[in-house]
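First chain A sits with chain B, and in the next complex the same chain sits with chain C.
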Partner chain A sequence: MRAPRASRAARYAPAVYPTIMLGLFFVVPFAIMLAVSFAHRVPGGFYEPGFELANYARFVSSFFLGTLGFSLFVAGLTAVICILVGFPVTYFITRMPRRRQVVWMVFLLSVLSLSEVIIGFTWSILLSRTAGLSNLLVWLDLMDKPVSWAPGFAALMCGMCYLGFPYTVLVLFPALSRLDPELPEAARTLGASPLRTFFTVIMPIYRNAIVATVIMIFVFSLGVYLLPQVLGRPQHWTLSVLITDQAIFQSNLPFAAAMAVFLMMVSLALVGVTLLLGRAERRAA
Partner chain B sequence: MSGLRLEGVEKRFGAIVAVGDAHLHFPEGQFFCLLGPSGCGKTTLLRIVAGLIEPDAGRVLLDDDDITDVPAHRRNFGMVFQSLALFPHLTVGENIAYGLRIRKVERATRRKRCEELLELVRLPGVADRHVSQLSGGQRQRVAMARALALEPRLFLLDEPLSALDAKLREDMQVELRQLQQRIGVTTILVTHDQREAMTMSDRVVVMNEGRVAQVGPPLEIYRSPANTFVADFIGTSNLLPAVVAAAGRVTVAGEALAVAALPDGLGPGAEATISVRPESVHVLPDSAAGENRLPGRVTFVRDVGVSVETYLDCAGHEVISIASPKDRPDVRQGDRVLVELPAADIVVLSA
Partner chain C sequence: MSALLRRLFMTVMALFLAAPLAVVAGVSFNARKQLLFPPEGFSFLWYEELFTSAAWLVPVRNSLTIALVSALVALSVAVPIAYFLWRWRVFYARALFTLGIAPFILPPVITALGFLIFWATVGLYGRMEAVMVSHGIFFVTLPLVTVSLGLESIEPEVVEAARTMGADGRQVFRTVVVPLVRPYMISGYAFAFVLSLNEYIVAYMVAGFTVETLPIKIFNSLRYGYTPVMASVAVVFVLLAALVFGGIARFGNLPKLLGAWTPER
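The block that comes next holds the complex of A and B.
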């Protein structure tokens, strides 16, 4: 039976607003970026409409591909470190009394209010030779003289993880709060120590949540473009830095757009592969 | 002394005494029910036995060994939880074999033991299924099989049947009791359902507000409750205020009644409460004379076929009488009648 026209329109009415918003602020800008990535650059000027693959061709060089690989590596490592630290921390927060949980969550949310700029410069000061943590270690007689830890790869990772950590906890918190407290207790009565309970019951139950969080932090970290410049050396600059550089300082929007599209495709493909692997494994189990 | 013993066990949550000064002995091989209304501390007591909660005071002894400080994972007590707590990421077989795997038992042995246990709980051939594919009653059995996998010293159950529908619950009660008798493991079950406790246990521990109110075989607790709480909580009971008149006699609503026995320490003039089970109360036509009768008025008759409940008003106190259909009193709402309370069925409790 076919519904009358008017009522069918009414049924879809609630979807109109989100559709318009999504189209206006997501699909249209993305389409423009896609179009620009094929446009022809006018050296010293802007760009003119056209269809050429020159921008993508330029990207496929060892320098840019190397940067792409490094970007994926940094984002992946950040996601893994965040989950390794964040999952146990979130678990212990959810096991705390309600009032202490609130204190922790307020603290983590306040970290979110710090911008990437502030986090970047704070870490660079903390890791500097003149005013950094190494001075504290010298004062404690653990080191001979203060050293500079920033810029460098370790400094970059510190900043990246600091940035991703609150998100990790926020995403895992609702899922872990819902854990039936009797599940770990059941494992205890069956002879599993608290540590074994954590690895044999709690972690496996949250496999999906863990995978989802890793993907989120990975994608989020790919877009970070300030920290590599503040905390890293030029060889630690990620693709996001190069995109910013091309778009703003070199005025080469077509090339910036091409890199952005490429980065997006590669990260989407990686996320897709991860999800497929997860599903295949579940089917096998 | 073999079996489990609790000595002065106490647990407070803030200002609330969840369990206060519990002294209990659970001899080997018996089936115990911890019975009481919600919030009476029965689950807390079970968790203290399991080692999931540390008591604030007192000792837990197993065969005279102090196990108060032994953590839950070293006690080897099987426990079935209220939510069943089956691991959602494992199959039925993996759930049952979890404890064996922790103990590094070989795969083949695990598999064999798992089949045996499923046989024991009458659920063979589901080892490879996922927990989510089972019905409520089947999950129940899997949870029991898992708790029994390590041949535990003690089998603990925390209201495991409360999630089942009434019919299945009754079946499972009988089955659980038979299972316990087959394997002979000392069992402690927490329940708020007195019928469940009566069906299954060798001994019932009635708890109220963190205290042990009475311990005894089910029928003893039913027939001679130790106080008004037990009388009221176990089954239904007619509780009437009374005053001790002389040896073997009490006064209720101005009428002298003969009673079989008086508790120690109640002299003439002492306030007391009498408890009479509804099935012991007989409703008689107004004219009949005799001992132990109170005048009353019929306020309501509920005839549900299998039994007849007569609600009576005796000097402002409600008294309920239950009779089988063939003993149905020939009375109607509003009739003035005599209510007979046989001396042998009156339990006098200190008020």
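The block that comes next holds the complex of A and C.
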């Protein structure tokens, strides 16, 4: 398309308003947060400007490092489970007739839009002694008496995967829907079983998409704040819970900011890896 | 055999996704206040309370107001970025687009803390307007992605034809671009609206103690005791989301909106 002559100012006119909005309400808050993470805490009050590494130093204690390790572990496990289950589900959805595809999409989007609060609440009911799944198993004579499964680590993982699963499918969907249907067909014609086709033909094509999705779900799971409180015990609280706790209940904004900045570095590093992988893939293609 | 296995697998997954919803629906129609499943009796009591008692009506109104306005804010920021990138593929447009995607990629708790510190610094902490703007920025990604998809789907010939007939940039925008992209704007708005309605952490950090939204209200009730009204809220939310997304699917091309590649037929 040949662009008609337009002055530089006229060209950039549409960018003015979004630049102001994103700059003022997204970039500036992050800059302030970064500054606050080095600020000096005034007990009982807010903070005063300053430059000290005390907030970061405090973070490097066994308790907070332990929590960080646990958060990374939970997020990693969630991402791996989500992709192991989500990849085949997405694959099957893309092979469905259009009408059923749409039904699945509406269903997944509805689950995706569910608040963390509601997900936590529903799973705590589902795993509870009084109204949970175990009652169903008792009714079916598979168990003697109802038991309580929440709160606990398994309950937390259930909720985390439930939260991450719709995202997994929706992130994988565009890539998988572009798969040339002739490829698996060729493999089948050459005598490969469906499972073998899946693992030797389809999975390798999507190695980078899979890695990118895992990282996205991982970063997303790192930020989950409510589920560890509703479905986990205090020892299952993640870094996000501690950040919120420090910010709201301990009124220690500098320390909360330091933890958030640290968490952001980890996330950005991972997102950077994803982008690099994407670039490598494009170059290879 | 393998088709059977596939069916079984997909059914199990559908059950996993639907199970909590089924339980909540059961609880919400329970006639007794205790948490019981299978439910005893059948009543609309908890739906009635949701829509009549002030304790629930105020959060309902807050959430709806915030979602309606913030989705509009998100759309107003997203449309110019998408148009700018589509019209002039310059570096700065790409940079703005990336910035617009960022809120969705970063862990929400970080963005939420950024908002908290920002609003506290400018002295608007705890105001509903602050939540509206924060949600508007937080969800800018959704309309940005849908509107960009819409712009990409405009055939260059159409724009070229309008230009040949003498339309200037503004006329092309008003008479060609906007009508073609409108469905994508509407779905972007709907996505942002539904997610804002369900958002907890940003709303909580920005105005959790002054402006009670529905998710905050649910979490507070969860903390201080149980009421089946929470279950009825969950049911209403799921139905609302299904209605909105079903509507998008009915009047638009949902698989395409989600990035499916469909060959021309």
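What to note about this one:
One rule holds in what follows: the second predicted complex is superposed on the first by the 243 of 285 C-alpha atoms of A that agree within 3 Å, B and C clash if a C-alpha of one lies under 4 Å from a C-alpha of the other, contacts with A are read in each partner's own complex, and residues count from 1 in each chain.
Assume a contact is a pair of C-beta atoms (placed from the backbone, for glycine too) under 8 Å apart; a residue touches a chain by one contact, two chains touch by 3 or more.
Keep in mind that what you see is a predicted model, and the values were worked out from it rather than measured.
Within the superposed three-chain model, A:94 lies in touch with chain C and out of touch with chain B [touch as defined at top]. A count of residues in chain A touched by chain B and by chain C gives the higher number to C. When the shared chain is aligned, chain B comes close enough to touch A:192, but chain C does not.
Contacts of A:225 after superposition on the shared chain: chain C is touched, whereas chain B is not.
Within the superposed three-chain model, A:76 lies out of touch with both chain B and chain C [touch as defined at top]. In the overlay built on the shared chain, the residue A:33 is in contact with chain C alone; chain B does not reach it. Contact with chain C, but none with chain B, is seen for A:117 once the two complexes are overlaid on the shared chain. With both structures placed on the common chain, the touch criterion links A:135 to chain C but leaves chain B unconnected.
When the two complexes are overlaid on their common chain A, residue A:152 makes contact with neither chain B nor chain C.
Shared contact residues of chain A with chain B and chain C: 194. Residues of chain B that touch chain A in their complex: 50-52, 71-79, 81-83, 85-89, 98-99, 102-103, 146-147, 149-150, 156.
The residues of chain A lying in touch with chain C in their complex are 1, 3-4, 6, 11-12, 14-15, 17-19, 21-22, 25-30, 32-33, 36, 46, 85, 88-89, 92, 94, 98, 101-102, 105-111, 113-123, 125-126, 128, 130-133, 135, 139, 162, 165-166, 170, 173-174, 177-178, 194-195, 216, 219-220, 222-226, 230, 240, 243-244, 247-248, 253, 256-257, 260, 263-264, 267-268, 271. Residues 2, 6, 9-10, 13-14, 16-21, 23-24, 27, 34-38, 73, 76-78, 80-81, 83-84, 87-88, 90, 92-93, 96, 99-100, 102-103, 105-118, 120-121, 133-134, 136-137, 140, 156, 159-160, 163, 168-169, 194-195, 197-201, 204-205, 208, 214-215, 218-219, 222, 230-231, 233-234, 237-238, 241-242, 245-246, 249, 254-255, 258-262 of chain C are the ones that touch chain A when the two sit in their complex. In the complex of the two chains, the chain A residues touching chain B come out as 180, 182-183, 185-194, 196, 200-201, 204-205, 207.
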